[in-house]
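What follows is subunit A paired twice: with subunit B in the first complex and subunit C in the second.
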Partner chain A sequence: MHPEKPPAPEIRITDPEFRRFRDFFYRRTGIVFSDAQRTYVDRRLTDCIVAAGSKGFPDHFARLLVEPAEMERLISAFTVNETYFYREDYQLHCLTSSLLPQITAAKRPGQTIRLWSIPCSTGEEPYSIAIWLLENWPQVDSWDIEIIGSDIDSRVLQAAEAGIYSERSLMRLPRPLVARYFTVIGDGQYRIDAELRGSVRFSRVNLIDQGETSRWRNIDVVFCRNVLIYFDEVSRRNAANNLYDSMAPGAFICLGHTESMSRISPLFHVCRFDEAIVYQKPGEAGHA
Partner chain B sequence: MPDPSMPPRVLVVDDGSLIRLYYRQTLEAAGFQVLEAINGIEALEKVLSERFDLVIVDINMPKMDGMSFLRALRSQEGHAGALPALVISSESGEQDAAAARTAGANFYLVKPVTPESLALHVAVLTGVPA
Partner chain C sequence: MPLIRRDPPPPAGDALPATGGLKSDDPDTRRRAIRSLGHEPQAVPVLMGALEGESVPAVLEAIFSALEMIPDAASPLASLLRSDDAGLRNDAVEALQAMPDAVRPLLPGLLADRDADVRILSVEVTRCLPAGEMVTLLCGLLEGDNDPNVCAAAVEILAEAGTAEAVPVLRRLAERFKSLPMLPFAARVAIERISGAGN
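After this line comes the complex of A and B, so read on.
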């Protein structure tokens, strides 16, 4: 006979605990929660507490300070965004029609072109860039193209490196491209071509941590979509400054379609191309 | 003797993974079997241990560049030493092409190369009938 399992104690987050958690999470990630998001935060946080087997908020909070794995799980719970291949493809059109012609005009054939997807979540965006270039850029073999995918959440980076996707992630990708670059592994799952997987380098980077972003330099195009909206003004400006430092003179940055760099930082010029509005670091391209 | 029922085997040597992928996709679609190497050293090991019908080689690569690879290839005896070599390079100067020919290249193309041009040159160099 097994004794009946006692019901899990109900976990409640008090007002001071919420504020304490909010400050802590903000300092670590730059992401700020409003009072209006209280219910959302409470739900995610209690899920994490229960999943980790912690007794309650004080116990879990203490663990977060000393257990990096728990901190990772927490960041995962609050930052995962569903994305898919060829999302916001107007920016990919812009990349090959407008941005790369400017960038390559200032370089010698064979030189490195560095593209950075941050945050890259589970890899759909950096792999989309690679596929787009292979399919749409006749000069793809003339340059040493480096594609880097970064995210604050190391668990999504592991998934990105594994390169296994659901039918849903591939819904916008034309079927011939799915057939060319993916192998069906059953159960509605697809594995990305090994060579394509090898063409993207993944690295954990916290956008508001200058020590981490400073490892990346001379980036030619940054794709930084739908993350700055989660930050408060200070973190947003820090993130913009960090990206600026990582970019080569004349490099471009693409944001989400609802975001505007002009409201965040005066450092960048606005460039209105036919396909998209992007922002440019001043300076002559190719003189990094 | 090569088996005419088998697709010609092509070794693509380039340090750029997207470039290798682009050449492989193009050549596989045209009916060739493609293997890859990321530098001259890896390529040399492959051509000495397996039989190929053509090697496509870049010039600027880390560890062993294309020129050193070609010279090492031509110093080999037997099949490897006589393996046709197509250089595809970003270097567009006439002296670059001449130097590659001297080092042992059979043909020299300047990047970017269209899929049609690549498939055509590889077909000619591997003796595939039109």
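After this line comes the complex of A and C, so read on.
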């Protein structure tokens, strides 16, 4: 017979606590929650409090201020990390049929093409870009291609570097490609090819932190999909400024299909290609 | 494999001395200098000074993006509503709309400004407030403002986001300006929209 576990304390988030948390989370991440999301926030926050063994909101909030690991867990709980290989692949078509021809026209063979997936979550997007290029871009061997995956959540970056995926993550990937680039490791799990794992650089970057984004320069194509929708207007504009400064003249940025840079910032030109609408930093491409 | 992996580059060494970079002939240098100023109140006069004579959109965007993140910038930004430059006026409106907490205490004064053009732009700024506050401010304006263009601007916003409290005010406005058919018409449309009778 097992002794009964004491019941978990009932955690309730009061209105002032909700507002305090919302302001705090916004200042740290740029992600804003409306009153309409109260139930969602309460549920996630309560889960975090219970999982951390905190006594309640005041206790947990005090820990968040001094325990970076708890803050990481909180960010992880509130950021949507679900993605899969070849998601929104029309942009990958656009990359090889329209964007790269323009970019390479202004470079010399052998120069670096730098691609940035931010946020990259658990790595599906940057690895998709790598596989797509290897499979669909005949000029791939003529260039040094640098793929960077960045995210605010360091736990998903660890998963990205491990490169282990479920069947669900691979659902859009043609079976021959799964066979070519993945190894079955059992229990419906697949590990991506070591060479591919070694070819993507993962780094923690907060998109609204100018000090963190400024480490990356001369990016030729940015994939920044389905994250700006979570930001408020000021943070979106700040993120757009940060991305702009990291991009090379003439570089492109791909957003999620429901997002429009034109409503965020006047910094970029709209480019309507057959496959997708993308945005371009003014200026001539062709830096090293 | 043509895919290469490099270590992260060192932090970009482009934190230029702001005062030097701001005077540069190169717009990219000016933009970087602007962005290196940070978001502390002491940056406000430097940013406002950088607006003078600046015409490159990417630099202007950096300036206004920085200003809207500094609550102390609300008042200097509001002063731009008097600018002769339409682009500056519009950018100021957008920046003020992005800082509702800072602009809130300024709005009663701006909506009572002697300059009707400033009042029209200030009416636009109220869009950033919660509906209840916006309606209260605009209804107060409509009860006393004698400029038809200012009132028309307020009616337009109430037609989009007004609440039932605005209806009697709009009726009185229509009566007060009955010699100007445009305003009673606009007020009627707004009332219909608020009441759900029109779309």
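Methods note: the second predicted complex is superposed on the first by the 282 of 288 C-alpha atoms of A that agree within 3 Å, B and C clash if a C-alpha of one lies under 4 Å from a C-alpha of the other, contacts with A are read in each partner's own complex, and residues count from 1 in each chain.
Everything below uses one rule, namely that a contact is a pair of C-beta atoms (placed from the backbone, for glycine too) under 8 Å apart; a residue touches a chain by one contact, two chains touch by 3 or more.
Fair warning: this is a prediction, and the values are worked out from it, not measured in the lab.
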{"item": "First, second, both or neither for A:Asn238, with subunit B first and subunit C second", "value": "second"}
{"item": "Partner chain(s) touched by A:Arg180 [first = subunit B, second = subunit C, both, neither]", "value": "first"}
{"item": "Touching partner for A:Asn136 - first (subunit B), second (subunit C), both, neither", "value": "neither"}
{"item": "Which superposed partner A:Ser203 touches (first subunit B, second subunit C, both, neither)", "value": "second"}
{"item": "First, second, both or neither for A:Ser260, with subunit B first and subunit C second", "value": "neither"}
{"item": "A:Gly110 touches, of subunit B and subunit C: first, second, both or neither?", "value": "first"}
{"item": "Contacts of A:Gln158 with subunit B and subunit C, given as first, second, both or neither", "value": "neither"}
{"item": "First, second, both or neither for A:Glu195, with subunit B first and subunit C second", "value": "both"}
{"item": "Touched subunit A residues, subunit B compared with subunit C", "value": "C"}
{"item": "Touched partner set for A:Asp144, first subunit B, second subunit C, both or neither", "value": "both"}
{"item": "Overlap of the subunit B and subunit C footprints on subunit A, listed as residue numbers", "value": "130, 133-134, 140-145, 195-196, 198-199"}
{"item": "Parts of subunit C lying in touch with subunit A, wherever the complex brings them together", "value": "1-12, 14, 31-32, 35, 57-58, 61-62, 65, 68-69, 98-99"}
{"item": "Subunit A-facing residues of subunit B, complex", "value": "14-25, 36, 60, 88-92, 111-114"}
{"item": "Residues of subunit A touching subunit C in the complex", "value": "112, 130, 133-134, 140-147, 195-196, 198-201, 203, 210-211, 214-217, 233-234, 237-238, 241, 244-245, 265-267, 282"}
{"item": "Contact footprint of subunit B on subunit A as seen in their complex", "value": "108-110, 130, 133-134, 138-145, 180, 193, 195-196, 198-199"}
